[in-house]
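Have a look at these structures, which come just after this line.
After this come two complexes, each holding chain A, first together with chain B and then together with chain C.
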Partner chain A sequence: MSLSTATFQPQVRDALAAYLIAVADDELIIGHRHSEWTGFAPDIESDVALSSIAQEEIGHARLFYERACDLTGGDADHVAFGRASAEFRNAVLTERPNGDWGYSMVRLFLYDRADHVRLDVLASGALRPLADLASTVRREEKYHLMFGEQWLRRLASATEASRGRMQQALDRAWPEALGMFDPVPGQEELDADIVPVPLAEQLLQWRLGVIGVLESVGLRLPAGKAEWTRGRIGRHSDDLGTLLDEMTSVWRSDPLAKW
Partner chain B sequence: MPRLAELLGKSDADAARLFAVFRQDTKNDAHVHVGDVHATDAEMALVLAKEQFTRRDACVNLWVAPYSKIAATSYDDAALFEHATDKSYRFGGSYREQQRITRPKRK
Partner chain C sequence: MPTTRTSEDRIWEALATVKDPELPLTVMDLGLIDEVQVTGGRVHVRMTPTYSACPAIDVMRQDIRTKLLNLPGVEEVQVELSFAEPWTMARMTERGRARLLEHGLSVPSRQSAEAVTCPFCGSTNTALENPFGPTLCRAIYYCRDCHNPIERFKPPLE
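After this line comes the complex of A and B, so read on.
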């Protein structure tokens, strides 16, 4: 599934590498946040399930980093652990602390719906190695969608108190979820062969899907977008720095070690 | 016929939230009880059972059933299952087909 044999114009190659890094960063950072629930989830079954989801997201991140490294050189571990906060391209949504279980489930739902739209688009592209990778990853994402939606439905319709907290969680997550569809630098170079559906149209598809679920459980759609957050161009909250300090501490203690 | 929940000393509410999980390894296998999950309803029980019981080995199908709906015999009735006289004529052990079916599966 390597991309190295394909030949690209330099500006297309750079844009594609940036795009793959953005996808990988989303998966790595949200995977790390999910993993922080291990041992702390509200019941043992969900603890195991979310821990599996965390492992899978980080596994997907590795695959996308490797494809990016096909284009730019370097190795996946180095890209994942060796960069500063401003070099990360993940959406700000993914780096926020877990907060309560309600926020984590709202975020998981919004995130995985967006990821699913993105993977559908990549899987339909003409660049074979990337399309194959997307359809492989998509198989595991189906379960993530089920898990997030089932939790969302139950918490939003259990009691007045739980519904209120889910609405608050949605109000917080929604503006930053829109950032999933921001372009990476050079995105316009990724023509219809590679990313066959424009981001604006992906955003519409995603909105339509999530609104259907949110309305069916009585949650109101918040307005607006968080203007200052631009994860795709490296403008992050301090939360990412804190996360990276912890996530990379072992790797940084000896970057040349073989694991 | 007592309900399983009563045998286990569980309240109706607890038993309705405890689901027995049955997994089927291939379409040719029977569903086998592999454990339980706690869940508010059957749909959630399936979602949780998928990770508890298939995260290592894949399977083709899962069932869940709430303990509150399972009828059971009582352990006090164990004598019900004991044979008072020789029943070996029921085994059919000398038939080749029977031997094939009961032979332990090689894994």
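After this line comes the complex of A and C, so read on.
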């Protein structure tokens, strides 16, 4: 399932590697945030669920890093743990601290829906090893979609207080969720047969899907023009730096160690 | 000159001793191995994991490498992960199912979805407690008759 045997024009290869790293960065960073709920989630079932979802996101990140390394050389662990904040391409949405359970669930719902659209597109692409991987990941992450939507519905329709918290969480998460559909540098070089649906259209598909659910539980999209920090071009909040300091501390203590 | 062309039989026998570190099963019981190709001293194994993010994959890959490299005539072993075909329950052998049952897990049938049976009392009066469990391939149910929590083997969704 390696991509190393496929031949690409250099600019296509670099754009594809950048794209795969953005996908992997999203998965790694949100996976790390989910893992911070281990031991602290509101009930034991959610604790196990988020630990499991975290494990899966991080495992998927690794597979996408490996595919990027097929193209550019290098080692997945080094890419994951050896870069500075500005070299990460994840959407800023994924790096924000967990905040309360409501924000975490709104973010998980928005993120996994966006990831699902992206995986759908990759799975329909012509690059076989990548399409196969995407359809496997999509299948496995269906459980994440169900988990996110159940919590969103439950909290948004429980009490006045819980609905208010969910609306606040949505107001915060929404603009940064749009950043999931920003292009990576060089994205225009990516052949339409590898990523067969343009980002603008992916965004529309995602919006339609999530708005349907949000409206059905009485949540409103925030008014006004959305502004967000462009994680896909390496602009991040300080939250990512803090996260990386912690996440990479063991790796940095001996980068050449074999685990 | 000894003519030690590795026999495929010995390779399959060795594979049948490689265990999943999270389950009382071998890679053969699970039906993970798609193909073995032998070219001179080089062995190429293609393997479809149950879950792509399963942390046991690395342990099994390393174990396959070590065990096959111990065979006479084998000089190089490559274990490739494949996602071309999804892993489904149909790949698990009957022996594999029996071992999981013996281990105290509830196990879906190899063919189709059906009621979740309690491995302790046999009741189907069971309820899903959590689709997520202690490993990616397990879910938690509860038996309303004997009041035991149940771990059920969870194949990836179709």
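As a working rule, the second predicted complex is superposed on the first by the 253 of 259 C-alpha atoms of A that agree within 3 Å, B and C clash if a C-alpha of one lies under 4 Å from a C-alpha of the other, contacts with A are read in each partner's own complex, and residues count from 1 in each chain.
The rule is simple: a contact is a pair of C-beta atoms (placed from the backbone, for glycine too) under 8 Å apart; a residue touches a chain by one contact, two chains touch by 3 or more.
Predicted model only: the values in this text are computed from it and were never measured.
*Asks:* State whether chain B and chain C clash or fit side by side on chain A once the two structures are superposed.
*Replies:* clash
*Asks:* Touching A:H78, do we find chain B (first), chain C (second), both, or neither?
*Replies:* Once the two structures are laid over each other on A, A:H78 reaches no partner at all.
*Asks:* Between chain B and chain C, whom does A:M146 touch in the aligned arrangement: first, second, both, or neither?
*Replies:* The answer is both, since A:M146 touches chain B and chain C.
*Asks:* Using the superposition on chain A described above, determine whether A:R154 touches chain B (first), chain C (second), both, or neither.
*Replies:* first
*Asks:* So, does A:L63 touch the first partner chain B, the second partner chain C, both, or neither?
*Replies:* In the superposition, A:L63 touches chain C alone.
*Asks:* With both structures superposed, pick whichever of chain B and chain C touches the larger number of chain A residues.
*Replies:* Looking at chain B versus chain C, the one contacting more residues of chain A is C.
*Asks:* What is the contact status of A:S52 with respect to chain B (first) and chain C (second): first, second, both, or neither?
*Replies:* A:S52: touches chain B and chain C.
*Asks:* State whether A:D132 touches chain B only (first), chain C only (second), both chains, or neither.
*Replies:* second
*Asks:* Output the chain A positions appearing in both contact lists, the one against chain B and the one against chain C.
*Replies:* In chain A, positions 45, 48-49, 52, 143, 146-147 sit in both the chain B and chain C interfaces.
*Asks:* Hey, which residues of chain A end up touching chain C in the complex?
*Replies:* Touching chain C from chain A are residues 1-2, 45, 48-49, 51-53, 55-60, 62-63, 128-129, 132-133, 135-137, 139-140, 142-143, 146-147.
*Asks:* Sort out for me which residues of chain B touch chain A in the complex.
*Replies:* 37-40, 43-44, 47-48, 50-52, 55
*Asks:* With touch defined as at the start, can you tell me which chain C residues reach chain A in the complex?
*Replies:* 51-55, 80-84, 86, 129-134, 136, 140, 156-158
*Asks:* Where on chain A is chain B touching in the complex?
*Replies:* Per the stated touch rule, the residues are 43-46, 48-49, 52, 143, 146-147, 150, 154.
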